[in-house]
Structures are given as C-alpha cells and as structure tokens.
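Down below are the structures I want you to see.
In the two complexes that follow, subunit A is the common piece, with subunit B as its partner first and subunit C second.
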Partner chain A sequence: MNKIQITIIVILLAALLAFPQFITSESVLNLAVYVLLYVSIASSWNVLGGFAGQTNLGHAAFFGVGALVTRMLWFAGWNIFASMVIGALVAVVLALIIGVPAFRLRGVYFAIGTLALSQILLITVGNTFSTISSIPTEDLKVYSLVPRYYMFLGVALLTIVTAYVLLNSRFGLGITAVREEEDAAESLGVSALKYKMLAFGISAFFGGLTGGAFAFYHVGYYPQLTFGPEWTFDSMMMAYIGGVGTIVGPVIGAVFFVVLREFLALRFAEFHLIIFGVLFILVVLFLPDGFMGIWEKIRKRLLRRSK
Partner chain B sequence: MNKRNLNWIVRIGLLVALVAVVAACASPTPEPTKVPPTAAPAPTKAPEPTKAPVATTAPTKAAEPTKAPAATSAPAPTTAAAKPAPAYIEVGASIPLTGKFGSLGQQVKPGYQYAVNDINAAGGIYVKEFDKKIPLRLTVYDDASDPTQAVSKMETLFADQKVVAYLGGASSDMHVATIPIAEKNKVPYLGVSFALNAIHQKGYKYLFSPFPKSPQQTVDTFAALNQLIPDASQRPLKVAIFAEKSDWGAEEEALWKENATKAGYTVVVDEQYAVGNLDFTAMILKAKAAGAETLLALPNQPSGEALIKGMVENGWTPKFSLIIRAPENVTWSTNLKKNGDYVTIFPGWNSAMKFPGVDQLNKAYQAEFKRDADLLTGPSYACVQILAKAIETAGTLDRDKIRDAIAASNTSTVVGNVTFNADGTGKVLDPLIQWQNGKLEVIWPLDHATAKIMYPAPAFDKR
Partner chain C sequence: MPLLKIEGLCKSFGGLKAVNDVSFDVAEGEIVGLIGPNGSGKTTLLNLLTGFLKPDAGLITFQGQNITGYARSNICPTGIARTFQLVKPFLGFTALQNVMVGRVFGRESTQDLKRAAEESKASLERVGLVDKANMLAKDLTLMQRKRLELARALAAKPQLLLLDELMAGLNVSEADEVCNLILNIRDSKITILIIEHIVKAITTLSDRVVVLNMGTKIAEGAPMEIIHNPQVIDVYLGRARA
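Presenting the complex of A and B:
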C-alpha cells in the first residue's frame, strides 16, 4: 500500500466522520446507518464464510443474541457500550459451545447444521420473548440518528480492521490453508479445528456486536426479528456480490445491495423485488467472483502490460 | 504487504473507530427508561359491547363524510391575503405489498388510493390557512414485510415527501416498527389491520387506529353470542381457547377468559401454540374430551387451515367457532370448501355494511378487481376520510394541529361514525361475520346483518 492509497483511506475516513455534520436529511442519514449495519454484518459473516470457507447459514443467531442481550441490559439501565460488549461475548460463548460439534460436520452438512441452530433460536425466542421491544416514548423525544450513525461506523471499522489484521497475520495463512485444502493443512501441522473455532468466535463476536448496535438503533420490533434467516442470507449475498473472502468485497457488496434495493424500492413499489432478483442473478452469472473479481482482472491486465 | 504499512492501516482504522465511538458517546443519547422488553401489557379495562352506529342517510354536518367536502361547508374566504398554498397535501405510507404480509397490504393500499382519488375528484381538502382546496398526494412504498425497511421508508416519507400524516401498513409486526417513528417525528399516524391494544398503552400521542382492538373483540364475542342465541340453554357455554404465543395472542387469551366468566361461559380448555404451528392435534383432542362447544382462536395462515383440517381429521366440530385472522383471507373458502363454513371472524368491516360511501367504494373495487371491497379496504379508506376531515377542521397543515383535530374528530366514514379514545383506539363498530356457503355474511350487530347466524355447526362429515 503506497502513500496515495493511505491518503485516500484517510480522506475517506475523515469524510465518514464528518458525514452527519453536513447531512441534515434523516432519510440520507438513515440510509447511511443501514449501509454501515450491512457492512458490519456482511464483514463479520465473511470472516468465517469467506476467509475460512465455512458456509455459515446461522449467522443470524449471533446477530440476534447480540441484539437481544444488548437490548435487555440497556433497557435495564446498563451503559450501552457495556451492554453491546456483553451481548457480543454471549454470542462468542454460543459459537464456542456449538462450534465443537458443528465442526465435526463439513461442507453442506455444516451449513445445514448452522441453519438449524438459528431456526431453533428463532422459534424459541419467538415463544419466550413474544412482546414488543420498543424504546420508551419519553426517550423517543430525544432519539437521534447521529449517535447511531457513529456507533455503526465504529462497529464497521472495528470489524474491517480486525478482518484486515487477521488476514495479514499467521492466522490468515493458517485459515487460508484450511480453506484451500483442510486435509493437506492438517498434514502440515495446522490445527484446522483451532483455526476454524477462532474464525467462528471472531465472526460471532462482530455479528453480536452488530446486533447490539441494531438494538441501540431500532425504535420498535419483536425480539425474534433479529433471528430471522434474512440477516444471514442478505449478509452472504453481499459478501458474494462484492467478493467473498476479501476485505473490501463485503463493503462494496453492502453498499451496492442497500443503495440499489432502496433505489428500486422507492421507484418501483411492488416490482422492486423482481427487478432486484433479476439483477442479482445477472451479477452471479457474469461476475462469479463479485465486483472484486473485476478489479482483480483489471489489475492483472495492467501488470501484464507494464511488463 | 509489508509490516510497516499494515501497522499504519491498523492505527488509522482503530483511531477512526475510536473517534466514532467517542462521537456516539458525546451525542445526546440518554439511557432509556427502565422498561423490560418483555413486560406484559397492562390489563385493559373491558369496554362496553359494540353498539351499532346509526347508518344515517342524511348525516349531521359534523359527521359528514369528507370524501367530497361540499363547497358550502367551506368557511367564507377571508379578506386577508392567504399564504401561498402548496400544490399538494403530502401523505405517505410504508405498506407490505410483498413478502409475508403482502396479502394484507394489498387490501390496505387500494383503500388509501380510492379515498385520495375521491377526495381529489371533489377538488381536494379545503384548508383555511390557504383559503383554498388542495389535493392530496399519496406516496406508497413497499417495505417487503421487513420492519427495518419500513423504518427506512418512514424516514424517507418524512424527510423527502414532508408528509403531514402517515397512513399505516398492515400487521402488528410492521406497525410496532413504524409507529415509534411517527412518534419520534411528531407526525400523526392512522393505521388499521392490527387489534393489539398494548401498543396503545405506551403513551403514543400521534397514533390513531379506527379498528377494533382486543378489549372490544373479547367483550363483543360473548355479547354477540348472547344476542344471537337468545335461548340460554342452546348457547355454547363450554369454551376452548387456542391462543397464539404472541403478545396479541396473550392479550386476547387473558381478556377472553375474563369476559367469558362475566358472560356466564366456562373456559374448559386454554392452550397455547407457537406462531406458525401446523399441528393442533393435542389441543383438539383435549377440547373434544372436555366437551368444548365454542372455539376461540387467532391463527394466521397457514395455521388457520391446518387447525380446521386437524378438527376434520379428529372429528371435533364445535357448535360455534370464532377464528380471527386466517379466515379473513380470500382463499379460505376456496381451499377449505364446506369445511370453511360456519367459521366466524372479527375483521373490522365488511363491504355489505350500510354506511355512506360503501356503494361507491364497492363500485370502484368491482371495476378494478371484479369483486366488492376487501375486508381491510374499508377501514383503510376510513383513515383517509378521518385525516381529510381533521385537516379541514384544523384549517392548517401544521402536524400538531392536525393531530389534535384527529383526536377530537367525529367523522362519518365507510366503517361508520368514528371517534377516538384518549389512547388513540377508535370507537368503531366491530361486526361479526360468518362464512356461509362460501360467502362472507354479516351476522351481528343485528341492524347490519345480511344473514342469520348458521348455528349450531353440523359435524364436518354431515355438511
């Protein structure tokens, strides 16, 4: 990474920090919150699904647990940051508990196992916490999107930076080896279970942390909402659209996904899902490596020319 | 990637993340009031049974329908120069037109649209502040039955369309997400298609719902039975309640139990089932063994059809069934055929109701959909009528004044005369409707009845 690239990143981050000072429209700010929410959850899914190659269809369980614990603690009078961290840690504990039996499964069986977990939690939470969770009316009078924006920005950056550090460390080498050929990695002394568990725990932590930020953001919902399978499938879709297994892929995917879906929804009413579905199929057909695949092709072509 | 560059990136990223978190701290966000998220709804005082409003053919001026405000009802123009009027009065709705609540949203949207069309055909709403009639402009967004998307659409309607009022979507799941946004933005919110009363007890100031709520439904259940079956010895006194494990289910269950006892009925079976349950065998067998004669349940689809199929398979036919929600679906009779008959519902309205404007609404609906207006279309049409009347009464587009006018309103609508309680619940008619030979018939209140109650229900194999 050269100085120009670092300068671009610094300018981009400064712009993100200054964004709410220049944008007064609640609609635009809400859209930005929405994008950051999905950047966080897609990036956290990518740690296990992309870097480790373990297709986790139960990511909503960690997002949901983080949201549920955070909301309960926060409403009980705890500080929001402490609530979020505890929520994320509970998600990690859940991941570690189910990780050991789940990683006995491979491939599609692991995916089905994790999906079953999130569905069990969805039903259990629906039955146990069946009443509305809404921010008290008095607090709505001072509700502002600005702190929510910064909260999501903080969570998104933490997730991305952590993913970046992980990928550029010994852990990155180990988990890549496990993803590419698990048996070969094992034969070279790489503990596949250890690396997969680490990736699972980190993915669950940031999924839970994002859930906590959601609990801080959303004014009113039924607790089971955060356990819905759409949180998993949307995250997965964003990671694939942007470029699964890369740092920037889920970020690009989330921006593309949220902005396009919102744009279509505001213009095409009930037809927007059909249009969105068709566009998604086209992306999958023509960009199997996501948007990062295009960038990679361009980069290789430029390198070839320069030689 | 060399180690020096990596360190740089990490430092910058962490620094910005830290600044963002500090900024989140620094912004004014007080800790919320200590309210457990699972707090049970406050017990609700049971209201008086529904009294049918008089279907006047010549309503009083105060209760005149607002869909076509007469020119003579407008106050005389003032001599002072009026403010420049906006081209439209903006109203908006985030409705689930697709996804799991799409079938409800598709009934709500035409109600809003037809009402706006009718009002605009008469020139719009007279607003004294501008001394002229201004047409309504309705913006509808599809939230795909996703509460998070609904929040986003609500903010867009507020920021971009600058709506003077929100019209609600459909189903409790969606309303609980959108109502707090209306409260936050201080925009009046008129919504139907939810019977949950607990949400009205949260102190929301801008929420209004001209739709029957649980306390009214549970009182009316037994008031209707007693009036429809005058001979006490013939009444289905042994009651089985199958309640959905949701806040609305718990609310209806508690109130049904309370009001059953008051009305002289005995609850012999009280069972709960998870949302989406498709196997009711155990509770059906319990009800059969206990000799239950009345079934009270509130399943959504496909649970509702599964319940009837379970009853057929297990040979249990209660004399009277009130199944709220699932049988409101237009496919109920098509799918269940004769087994779907005899079932009653509390949908809030029916196209056979004798109120001013219903014929016109049915005509428009017939032209577009080849059938009379759907059950939720009338109440949603009424929301726009109430709003229009309130804007005219307020004489301004100021949201707070419109809110006050709605709270004090007394409007003749296609669902009858509507006024509001202090908690925003509407004082509305709560008709009991029965599936009879594949058709929906009003059976109570008696002065709105289009058919007599079919009672007792014969065994499924004898139909």
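Presenting the complex of A and C:
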C-alpha cells in the first residue's frame, strides 16, 4: 500500500468511528448497519467464491447458523462476544462437514449441491424453531443502535483485514492458483482440497460471525429468516458488481447495492428485485471484473498516457 | 541407485491396457527420451508418475522412496516437476506470479514471498522471459507460455523434470531454442524424462531412449541404436512387405 492509500483508509476509518456521534437519525443508522452487514457477508462469501472460485450458493446456511447459535447462547445469559465466536465456530464445523462431499463436485455441481444443503437447512430450521425469536423485554428497555453499529463495524473490519492478509499470503497464492488452473497448481505442490477446505472454513467463520451480529441487532424475527437464499444471492451479487476475488470489490458492491436498493425500494417497492436481476446479468455479461475492473482499465490507460 | 525406478507398472482403462508391465530406470543426470506412436501410453505413464492417475500394479521408486500412488500434490515436494502437453498457465496471473507458485509450494516450500519473488525472477531470466514478468499469462504467445511452464517447473527446484511434448506446436527455430534450453537445464544437474514426437529432437537430446507401443515397452537403448531397431521402425512406419 502507498501513502495515499493509507491516508484514505485512516480518514475513512475515523469517519466510520465518529459516524454515530454525529448522526442520530435512526433510519440512517439502520441503513449504515445494513451496509456494514452486507460488507461483511459479501466479503466472507468472496473468500470461497472469489479467491477460490468455488461458487457457493449455500452461504446463508452459515449466516443462519451463526445467528441461531448466537441468539440461543446470548439469551441463555452468555456474553455476546463469546456467543458470536461459538456461533461462528459452529458454522465452521458445518462447512467442514459439508466440504468433504461438496468438493467432490466441481463448478455448477458444487453450486447446486451447496444450494440444496442450505435449502434443506432452511426448511428444517423453519419446522424446528417455528416461533418468533425476540429480544427479552428487560433487554429491550436498554436497546440502543449505537453498540450494534460498532459491533457490525468491528465484524466488517475484521473480515476485510483477514481477507486482505490471506490474499497477500502464501495461502492466497495457493488458493488463487487452484482457482486459475487446478491441475497445474496440484502439480506444483498445492493441495487443492486442503486449500478449498481452509477457504470454506474461513468463509463460513465470517459468514457465521456476521450472523451473530445480526442476532445481536435484530429485535424480533423468525429464525428461518436468516437461512433464506436471499442472503446468499445478495452477497454473490455484491461481490460480482464490485469485483469478485478482490478485497475492495465486495465492499464497494455492498455500499452500492444497499444504497441503491433503499432508493429503488422506496420508489418501486418489490419491483426493485427485477432491476437488480437485470443489473446482475448486465454486470456478468459486460463487466466480469465489476467496478474494480473498470477502475483497473482506467488506471492502466492513465499509466500508459503518463509514460 | 537410479534416481527413478519404474517396475512392472500397469494401468487399464476398462478393457484397454494403456500401460502394460513397463519397467525402466532413469539415472541421475541423464536425459531419457520416451517415444512411441499416438496412444502408446506415454502421457498415461507420465500421469502415473505424477500422481494424476493411480497405477493398478507396479512400483515407482524415487531416490529410494516408494512414491507409488502418492496424491498428485505430494509429488512436487519430493522433487519431481512436470509440464503439460497442453500448457496450463494460471491465465489471470502475471508471469512472475505463475513462477512463484512453483517456488513457494515446490520442493523447498517457503513462507517468504519476497524472497520467492526474487528467486522466481531468476527462473524467468533462465528461460528468457524476465522482460515479460509483469505481463498476464493470458497475453503471452504459445512459445512464451511454454517457456513460462518450464520456468514454473524449474522454480520448484526439481531433481527430476518430466517434459510432456514441450515442442509440440512450435516451429523449427522455436523448437531449436527449446532444445538448447533443455540442454542448459541438464547442465545444472537436473535429470530429465522427455516425451517427444520429433525424432530429431529426441536423438539430439537423449542419452537413452525408451520406446512404448500399445502400452508395452518394446525397446530401450542409445538413440542411434533405437532408430535402426527394426521393431521400432515397424511400429512407426508399418511392416515392410517385400
């Protein structure tokens, strides 16, 4: 990273930290919470979907498990942080169990396999935990959005920093090599299965952690909500719109997505889903590298001109 | 003790015996050529050696260590690197990143990415590709991709290098360049097993030639002996009818 980049990051960070001190509007704060939530979940999806190139259509399962376990432990009197970590770890265990059979499948079959597993979980959870899960009244009396905002900010930063460190490490080189050309990577000593499992575990951990933050944030919901396929597909769309496989891509994608959705939903209600569908198709067809791809092209052209 | 010892190696696909009871040795510092008509089992043999296929029977010993049936990602760290008949570069990586994978995960696996990058540059230099270090592999020509594949395998610091038709698809002058590269690699004490169709290349390069036909070894010996061996002429040109 160069000096300009570091300065931008420091300013952004200060602004994010100071944000709730200046903004008191609940709707704006809620919007900020959702932006951070989607930054985390999209970045966590990106570790497997982007770095490893394994399109996981069951990411909601990890978000949901994280939320479910966190909610249970927290309501049972556990510390919220401990509850979230346990929730995330349960998500990891689930990923490792799913990973063994799922990574026998490649490409489209992996995508369908993970989608099927998460749908099974959605139905099972819906049948097992059929009553609404609400924050107890005594906790509700002291409920405030500000700590929720900081919780999401913490999870988002942790996810981004981890993803950045991973991508620039030996692990990052290995897992992206597996994505680019699995046979060649293996012939050079990279164990594809081991690296995919690692990526899957890390992706599930941060998906689960985001779910835990959601459990801390949301006042009342049916547990089934957190297992819905929209969590997966929204994450994937954000990663692709911003730039799949990059660090900044899912972040930009999430900000763009949430703000645009807010804007569209206010004007067109449910019709905004169709707009997003079309947008996603356009991005995949014409901008396979997302917004980051456009930025790269501009940067290269500027560099060439300055030579 | 030979560097590589192959004993009674067999592999069938359904009813087809692709490799049938093949045995031979490769001594340290040698260039051994593996030839045979299309479908004679050369690439299958190479895939057996590198763990891409599991043999039905037989023994592969490398440096006295039994490596039969090793997972394919465990082969390179023991000191065997390969290239692919149809080159398989990491297309979205730069040339340098391609080579770094070999350096970082190969025989002397390392965590130190900075040092690995520098040493990988040296590997690119060796195949004459250092000025393309920051180009994406997908923007390289076939000849450059072949060089890249070679640099990547070399960066893994192998003791044995398996080359699968490295010259296929190249013109005569490019093939000559690759020939010189291979001789240069041998001079750095890397043993080479080479599969090649171009007979001239095999005869100039190899110290010894093994001939396969329909999965069976039919001849083994010095290049000049082999090209005059009547059985070898038969399988390549068909039996002469007087």
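The rule we apply is simple: the second predicted complex is superposed on the first by the 288 of 307 C-alpha atoms of A that agree within 3 Å, B and C clash if a C-alpha of one lies under 4 Å from a C-alpha of the other, contacts with A are read in each partner's own complex, and residues count from 1 in each chain.
Following the convention adopted for this analysis, a contact is a pair of C-beta atoms (placed from the backbone, for glycine too) under 8 Å apart; a residue touches a chain by one contact, two chains touch by 3 or more.
Just so it is clear, the model here is predicted, and its values are computed rather than measured.
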Subunit B versus subunit C as contact partner of A:Ala192, first or second or both or neither: second
Contacts of A:Gly277 with subunit B and subunit C, given as first, second, both or neither: neither
Which of subunit B and subunit C A:Gly107 touches, first, second, both or neither: neither
Subunit B versus subunit C as contact partner of A:Arg170, first or second or both or neither: second
Which of subunit B and subunit C A:Val142 touches, first, second, both or neither: first
Which superposed partner A:Glu180 touches (first subunit B, second subunit C, both, neither): second
Residues of subunit A contacting subunit B in one complex and subunit C in the other: 168
Contact footprint of subunit C on subunit A as seen in their complex: 168-170, 173-174, 176-177, 180-181, 183-192, 194
Residues of subunit A that touch subunit B when the two form their complex: 1, 6, 9-10, 13, 16-17, 25-28, 30-31, 34, 71-72, 74-77, 79-81, 123, 126-127, 129-144, 146-148, 150-151, 153-154, 157-158, 160-161, 164-165, 168, 218-223, 225, 230, 262, 265-266, 269-270, 272-273
In the complex, subunit B residues that touch subunit A: 1, 5-6, 8-10, 12-14, 16-21, 23-25, 27-41, 97-98, 102, 140-144, 146-149, 151-153, 155-156, 158-160, 173, 176-177, 179-181, 183-185, 198-199, 202-205, 245-247, 249-250, 274-276
In the complex, subunit C residues that touch subunit A: 50, 52, 71-77, 81-82, 84, 88-93, 97, 100-102, 104-107, 109-111, 113, 152-153, 156
